[in-house]
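Note sheet for the following structure.
Chains: A, B, C and D, in written order; residue numbering restarts at 1 for each.
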Amino acid sequence: MTDRTTIDRTSHLELEHHEKTFLDSNELIINMGPQHPATHGVLRVILKLDGEKVLGTECVIGYLHRGVEKIAEHRTYTMFNPYVDRMDYVAAVSNGLGYCEAVEKLLNVEAPRRAQYIRVVLTELNRLASHMLWLGTHALDIGAITPLFYTFRDREEILKIFEKYCGARLTTHAFRIGGCSYETYDGFEREVKKFLDFVTPKIDEYEELLTTNRIWVERTKDVGKISAKECIALGVTGPVLRASGVKWDLRKAQPYAAYPDFDFEIPVGQNGDTYDRYIVRMQEMRQSLRIIDQAIGKIPDGPIMAKIPKVMKPPVGEIYHSIEAPKGELGYFIVSDGSTQPYRVRVRPPSFVNLQALDMMVRGALVADVIAVIGTLDIVLGEVDR
Amino acid sequence: MAPVATTFFFYFLSALTVLSAVLVITRKNAVHSALALIVSLLGQAALYLMLYAPFVAGVQIILYAGGIMVLFLFVIMLVNIEKSQREDQFNKQWLVGLAAAIALGALFVLVYVKGRALFPDRAIQMPEQSNTQQVAVLLYGNYMFTFEIASLLLLVAIIGAVVMAKKRI
Amino acid sequence: MLDYITSYLNSDTTPGSAGNMFWAFVYIILIFLGLSVAVIAMNWLERKILAHMQVRLGPMRVGPHGLLQPIADALKLLIKEDIMPSQADPLVFWVAPLMVVITSFTVFIVVPFGPTHAVTDMNIGVLFMLGVSSLSVLGVVMAGWASNSHYPLMGALRSSAQMVSYEIAMGLAVVSAVLMTSLNKDGTGTLSMIGIVQAQQSQQVWFIFKFFPLGLIAFFIFAVAMVAETNRAPFDLPEAESELTAGFHTEYSGFRWSLFFLAEYSAMIAVSSIAVTLWLGGWMRPFPNALSGETWDLVFSLVPGLTFLFLAAMTFYSTARMPKHPYFKVQTIGLGGFGAVLALIGVALFVPPVRDRIQDIFWFSAKVALSMYMYIWYRGTFPRYRFDQLMKVGWKVLLPLGIGVLVLTAIAGILF
Amino acid sequence: MSPIGTLHYLVVAAALFILGVIGVLTRRNVVIVLMSIELILNAVNLNLVAFSRIWGLHGQIFAIFVITDAAAEAAVGLGILIAFFRNKETVNIDEVDLMKW
């Protein structure tokens, strides 16, 4: 993608609009980003505008490229583990879970039950944190500044739990191949339960501010519509897909970790517009709370690490394992040549794939909608660029 | 209100008005012209105030400076002016323009000399505090029909402008 | 000369109407200073109030509770490098902020802080205020154009369309209030700001409650339109941070930017004072006829002093709660001093001659302050409108509503 | 009575009128031509208001009507300008030489 854009960034934009528009010579080409308050990092969107109307977009990415996949080829399986935290840095726990489970599958080991329960609790907490951050920034983009501070206040509690558990707040590196790095600290269950009681009314508070807010509904209803068919064609996953009415969640479709043990629902929207995505994510936050509530009560006793060799040499072969990250399907494709280092690691990041839908969603909309749609896609540039 | 320093303000304002009118027709950049025109219009509004016509002055500010000039600036921004700035700004008719100006000036002088009696140097005392009320009485009394026609004219202008500027209807 | 100065003191008109230039200048300077102080205070209050709405503290470092923060900001802006883009149009770039700031200060010459506390009383007061404040859009448009950059240009286009659209609804609401002034024996209305308040006085009702709910609806239309007119949330599209980075003043920095800032806040105060004058009884105290009589007059005349004493008490409470660490010694003393100044003002406001003169100004300012608080509240609550929705609200909701209210007010005026 | 009489205002108005005529006749930019027309209309207004001091308020009423017309003229004129610019990509008045495209 980057290559193509360096050659000719706007040619395909020109081709698709033969019809004459208002003051043709004054079509504006605007560079939104990489330094822009609403592009969630360093996304650069080239907008072709007719007044306020968007005629086409082109995403230029790679400003945060660190070559994570290449780095993997020169690290042992264990050494690469912390790197995945740096991809989707607001959902580092999910990244770690996906990688660890993929390698475990390659090694043919399974993490002990206790470790899997801890994993579920932490991953769902992380999903909450990610959705909270999304809600705050998305609302900020649309102009509501207050929800940002509310969500950050509550996300802080989650980060405190992470910090107590593993010492890090953002790039947690909470799991190890074969289990968890750390045993839970004293009072872990009590604190998580306290957090659940604390956060449940808070989610109502966010909804009170936004769900029936006239301006919020007008700004999000019928904005950035995408149908289920288009979603599937583009490979869009996660809440964006579910808001279009497809009941697809890897936690149910291909259960992993301890998810089969829990009872939860997959929230689904109908219209596939920004408002539905908002509702779906809000519902998902409640479902996450439900899962945590079930899991935290019955964390089994036992070891937290499976028996894995000190020097990891997976058998020759390849594996694709994907999990439901907060933003969609996060997949790891790992090829092993039998040595201590992976031959190739390919990450299927949800943000990168979802970002493809941007152009389709904003064609013919207004500039303000581009901001709303970038927000609703919930991209993290660390993950898009890797 | 007792007028203060009428002579000074008259000469100051009329100099401002006329000089900015000169700038309007000589500036290369259309935005600069518009800026000068705004100054000229505001100067005229002040002159209206000196002529005890506060309502006209208010209308001048709110409609001309606040409405029409915004429209002008809006259109200048829409049309590509960099190109038009590189072109020659004046056409070949400057001779005609000069002749017209001289002829008009001569006409004005002539009219003044011949029709001096038409300008009695008296002024009726205008009650400034009730100017708006009196204008309103005239506007909705004697000139009611004209007023309605003016509103019709505005309606036609709205429709005309929309038809002209819209891409397709 | 001294006679000229003292002769005005017993006059019962504004210095402008009395033709007394000395006092007119004094009033202009007083208003200018008061406005600057109000803008500085507003800056601090907005940040503090917004912060407390958003579960944070706001400025806390510069001075006790960040009281000196606006001054520090002003200093920073003044000594900051004033950047002009190389491709900008220097003249227009230079004139635009001046235009905005001059227009938003000029309107204050007709704002009546009291029956005699205005620079002048114009026959066309309201028209003058609306007209001059509508000139600020020219400055905005010029700023956007002169920056020679896409974001400012889009901000300028948005702003010109927005301001021109909302002016119409605003004008209709104003006309329906002006119509109410003509409901007296001789049937002559007035556009004069002082005349409008006097009309409310003689009709014994604030126009917001007149012909309920017509006055209320007109006030509502004005209240919405004035937010749009001053480019504040939720109508802050011309400077929408998340869309156009900073809209029309993206390329401005330092002193010129601070002029835009100054103009925005004084424009907010200006439109608020129009609303207060037209609908909220201007300088009149609450319930002037229901709670009339000497006793109530006395009670209400104590309110300004009590307000300041209350503020002082709050300040002293915060002073007592300051950390006892020696590091905070200067700040604690400063806060206590500030409280002492407030208390002193409060006590001074109880002295009968001062008390009588300050009454009108206090009630007017209190109503304006309430309106300013609403501005902050909107900003903390609402998301931003989209451009087409903004236009829809302006043309399809407020304009028909305004026409309807105008017609109904006229009918009600004939019937009752 | 101040030394400034009606005549002074008429002279200013005449100067504005002449400047407007020169602008209309010599400029090539349509926008500036339209602005010059505004100048002419304003000169007329100044005359009307100046005369209204002698013969009563009717001049001011006429000035208001002229301002109304100016608004209508500006709207239609700028509409035509945009239509013209869309087709010819220029604002040069010398190139307005066709009645229809």
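Just a few scattered comments:
As a convention for this text, contacts are C-beta pairs under 8 Å (C-beta built on N, C-alpha and C of every residue); 3 or more make two chains touch, one makes a residue touch a chain.
Just so you know, these numbers come straight off a predicted model, no measurement behind them.
Legend note: the chain whose CA centroid lies nearest the centroid of all displayed protein CA atoms is C. Looking at B-D alongside B-C, one finds more C-beta pairs in contact between the chains of B-D. In this assembly, the C-alpha centroid of chain B lies 6 Å from the C-alpha centroid of chain D. Chain centres here are Cα averages; for chain A and chain B they lie 61 Å apart. If you average the CA atoms of chain B and of chain C, the two centres end up 31 Å from each other.
Touching two or more other chains at once are residues 55, 59, 67, 71, 76, 78-80, 131 of chain B.
Contacts with at least two other chains are made by residues 157 of chain C. The residues of chain D that reach two or more other chains are 82, 85, 89, listed in rising order.
On chain D, the positions that touch chain B within their shared complex are 1-10, 12, 14-23, 25-29, 31-32, 34-36, 38-39, 42, 45-46, 49-50, 52-58, 60-61, 63-65, 67-76, 78-83, 85, 89-94.
Considering their complex, residues 16-17, 19, 21, 89, 91-92, 95, 120, 122-124, 127-128, 130-132, 134-135, 137-138, 141-142, 144-146, 153, 156-157, 160-161, 163-164, 167, 188-191 of chain C touch chain B.
Those residues of chain B whose C-beta lies close enough to touch chain D in the complex are 3, 6-7, 10, 14, 17-18, 21-22, 24-25, 27, 30, 33-34, 37, 40-41, 44, 47-48, 50-53, 55-56, 59-60, 63-64, 67-68, 71-72, 75-76, 78-81, 83-84, 87-91, 93-94, 96-98, 100-101, 104-105, 108, 112, 119-124, 126, 131, 134-135, 138-139, 142-143, 146, 150, 153-154, 156-158, 160-165. Here chain C touches chain A in the complex through residues 50, 53-56, 150-151, 154, 157-158, 233-234, 236-237, 240-245, 379-389, going by the rule given at the top.
Touching chain C in their complex are the following residues of chain B: 1-2, 4, 29, 31-32, 35, 38, 54-55, 57-59, 61-62, 65-67, 69-71, 73-74, 76-77, 128-133.
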